[in-house]
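In what follows, subunit A forms one complex with subunit B and a second complex with subunit C.
Now for the complex of A and B:
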């Protein structure tokens, strides 16, 4: 605790100067806040621990008691717990991928609109409009998707299958028609896209706004058009931020339950036909569907699935945060 | 060729580059317009269909009334034109309140730790894990709360408090992040001025730092509430469904507004066979939309309150 070069402060004097009241109250408060912070670490560990405890009977089941007690698990039909999880992971990834393929380009466009195109005075208000999309509860998206959006999209799906049916992705069913209800993977993907859009937009917007002014002005001074300026100054700077934002969106899409639950007609398969119903399901939606009627073994199996989902989203989120934070360290802007 | 260079003014943009620039401008404006479609479409639908239920009275006739807000679903079956969300609103409010009471102290203190005390590995670990925690799927939060109570209390425990624990798991990271941002905005000069007056650190934090950031923290907490109040999946798992009033978080299942929407929607159209009895086949869908309207209004009101608080109560900085 030396303050000046001239005179070192003695230990008694130092304590007198700084914290005469470094008293018990101070220690209690520091202890409390430290405890709260530690509690967050403990909570995250507890999530994994308790899920594991409850999932343990299903995970370690080898005698086939699980199949006997849970009706939707039947190894003879190729639907043992681990095989079901395989189907569900495939469905989850497929639907999330559809959502991201739709949402990412749109979000980047919207973020650019707010950061570089919209009039300055309006930009904040328009950004708030997009944020409102994130405020709408997922169950309302599900209701709207199931009752309003899907019937409107169904003719478009038929058109898609008629014209692009030769692509396996859009292949119609054997009778040449697509699902009459529209309760298909593509619908779930579209609604999820709307739901992750505000997240990707918000992060991308922040990154784009941090582009160093000088880079932009230099590009413009070289005669670049506005788009060229964005391509050579904004995008290289914001690339990893957009990647991170997309992965945050992925994390949200992977775990989204209600919209998928209400929109998708569930099924288990590895098919890529996103226009046929009864083919796919996601982990979260499967859990929500089966949980209310599950017996103790069923609950255990569903919690095992939840654990799988937890680990997947944890990894995706950690990777996303790492990508975003790496950008922050190397950028010259802050 | 020399004349060519003189007639082309320096810096003129070729037609191709101009076209690309124009096309991208159109695309970017289009992206924004496209994103507004679902927002407007959804809002218009929820409002127009949400009022249907309010236009049906107890006899199945068309007459505006607010019974929907006062009635529960007790003794309601089939296509009876009654039944409302009073119990669901009570459940949502009590569970969300409990979740807030759990999350805010932990979140606030953890943020204080991160900004005022934290250093080294623990601080980095907590910062990182709070970020990661924001990404926990809501259904996993529900499963976690269910698992905790299954281990501690007994299997199959479905109570309001289980839902509150699940929601607070989703809420804590949001509160920490928001509070942390606000505490960081408090200028160091204020802290130093307080220390210079001999005020101990804990009092400085309580009376100077937190008080300065109070408006921002309130905004953050309100937004966190707005975020979790619409959560469905964890409550479906941890709290279940109920048809009547239950305000006791520690006894029995409860109904919540989001879960009400799903359960009404799942019932589908009701058969109306007896012309003697008042019956509306689409009543379940009416109820789902009306509940969605109420839920959206609550969420939007919370968002509005949050913005107003931050607008009118935050300390005026020079910026």
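Now for the complex of A and C:
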């Protein structure tokens, strides 16, 4: 009787104990991860609120007090706050586009080499090296670009202008020469390309490695060469991943400050000419340049630019999500 | 018993507050006017102690480092803080009462003079004391050429993109003894807002008829190359043959420098020549009485041996500090700054030009007046 009693109660108690244990651990963990997730949202909301509140005086200024208080805002020269933001958005997008145009093909090539061509040992070493590129601080890229890379690129720019000058992108100035120092949008784009290369490569490599073995083997079995196999099996599978990777890279390129700040001779214009200095600037670099001497109105105007950059980055990320989700259905990944 | 206890509490509280009051000047920020010490004991301050806070122009940052270091080692109980937030920020902090003095490259405007009257004790408001004079050099990179003569008009045309090669007749005519190459001129300016740009454009606007822009801290045209800060400008000029730029003279290094046309002669920058232009300049209109040494720099001076392309950085102080400790700290520190030793310390640390003995004496007299309360 006692034993039956014991038997009847024992497992009950034990299961009750485990249930209690699990539920408390569960609660703690759910609480922790919930807090972490909320913290992200709260931070984002806090940043957005800060930007809105601080930018408000500049955004709502209509009496021209902003122009009177801030030296670099001069509506009579066609440089009111909104016009400057327009120039800067153009410059930011132009330089980021150059960076992506250079970085994406390179990254996809490197990722493919690592995932499908290189011997295993070489692939591991190469992957490690690429990741290392991401660990270099942007100020070091800026210094290297300004002191080493740009002087070396300048003769090449002159050559580009001499031979391909009929393309508006590479048109030389009135006197037939390009910038004598190479501190131009193309240089900034090239250095940014090197900076976004690691993230695009790393994500693309992971995606390419996920390609179902069966798809690849089926392609090879049908007599496809390695390149054909990659084209018909790996690319369709990895396309959305590569787009996502590119957008991540774009996010970094849009917000990069230090490298552009140190490499570019800034200016404000809508020209596509990437070999002339003093034509473009990015939002982040403009803020960094003007913040140290800015008065309260100036800071408000700069934060309004920060708000513009925040919105652009949000839009880019939403676009990326939308593209990825749309592509996912057709990728053949299932 | 109840009464006894209470009185005991009162006594100990009084003792505590006395203790606190005694502590305040020695280790707390005695320089803030809120901690106004006892007026009767205030005059008895013999040894300097406390914290003196200032903020402002970054141009005088390296000089300030030297001044702070020397002054603090001579007065062990004094801590001096200087936040190089920029001229505008420095004036704002001073006018808000957050700092005891401000460093600035540009003068207060009418509105700020009015705010200073509210901020300072008494009705006398604040005054400028020019304690840091730094010549700005026009630097260039032409192998084998150390110095080129240029008039303000020629410099204005170069920086406005009108003269584009080194052997342009306008330059060659002023330098008959030089064999100038046909190298293209790459003009380099500051990309950020700066006091150097402000003084350079002020010089061009006043001394030249060929400069179509006004004085401004931001570079006014979209020509040429630019870099953030003095180091970047010097770096670009060093890397680019045929480049010309402007920078604090102490940073010119081995680069060639321009001798400015002043009257009938050409004056290369030198410490004495930079200080001379300040002495030759009148005081600005709207200055706050005789003690306000706010100069309207005479960029068009024809005084022999004066170099008109200079940056003058001021310290702004109140004419009256009711807090005796703060008064003692401000006046004795700035007296040191304006002294020959202080000016020499700045010259060796920052490459500035020591102010003339006359000016030094004037500033000392004003500070003595303030110190007398």
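By definition in this document, the second predicted complex is superposed on the first by the 281 of 334 C-alpha atoms of A that agree within 3 Å, B and C clash if a C-alpha of one lies under 4 Å from a C-alpha of the other, contacts with A are read in each partner's own complex, and residues count from 1 in each chain.
As a working rule, a contact is a pair of C-beta atoms (placed from the backbone, for glycine too) under 8 Å apart; a residue touches a chain by one contact, two chains touch by 3 or more.
Since we're looking at a predicted model, the values are computed, not measured.
Once the two complexes are laid over each other on the shared chain, residue contacts for A:217 go to neither subunit B nor subunit C. Contact with subunit B, but none with subunit C, is seen for A:137 once the two complexes are overlaid on the shared chain. Using the contact criterion defined above for the overlaid structures, shared-chain residue A:228 touches subunit B, although it does not reach subunit C.
Of the two partner chains placed by the overlay, subunit B and subunit C both lie in contact with A:146. Look at A:290: by the touch rule set out above, it reaches subunit C but stays clear of subunit B. The wider contact with subunit A, measured as residues touched, comes from B rather than the other of subunit B and subunit C.
Of the two partner chains, subunit B and subunit C are each touched by A:262. In the superposed model, A:43 lies in contact with subunit B only, and not with subunit C.
When the two complexes are overlaid on their common chain A, residue A:162 makes contact with neither subunit B nor subunit C. Residues 146-147, 261-262, 288, 292, 296 of subunit A are contacted both by subunit B in one complex and by subunit C in the other.
Listed in rising order, the residues of subunit A touching subunit B in the complex are 19-23, 25-26, 28-30, 32-41, 43-44, 46-47, 50-51, 53-54, 105-106, 108-110, 112-114, 117-118, 126, 129-130, 132-133, 135-144, 146-149, 194, 197, 201, 223, 225-228, 230, 248, 251-252, 254-258, 261-262, 284, 287-288, 291-292, 296, 299, 302-303, 306, 309-310, 313-314, 316-318, 320-321.
Looking at the complex, you find that subunit B touches subunit A at residues 11, 13, 17-18, 20-21, 24-25, 27-32, 34-36, 38-39, 41-42, 45-46, 105-110, 112-114, 116-118, 122-123, 125-126, 128-141, 143-144, 146-148, 150-151, 155-156, 169, 172-173, 176, 198, 200-203, 205-206, 226-227, 229-233, 236-237, 240, 258, 261-262, 265, 285, 288-289, 292, 295-296, 299-300, 303. For subunit C in complex with subunit A, the residues that touch the partner chain are 58, 85-89, 92, 164, 184, 186, 188, 191-194, 216-218, 222-228, 232, 235-236, 239-240, 242-243.
Within the complex formed with subunit C, the subunit A residues making contact are 71-72, 146-147, 151, 175, 177, 179-181, 183, 261-262, 265-269, 277-279, 288-290, 292-296.
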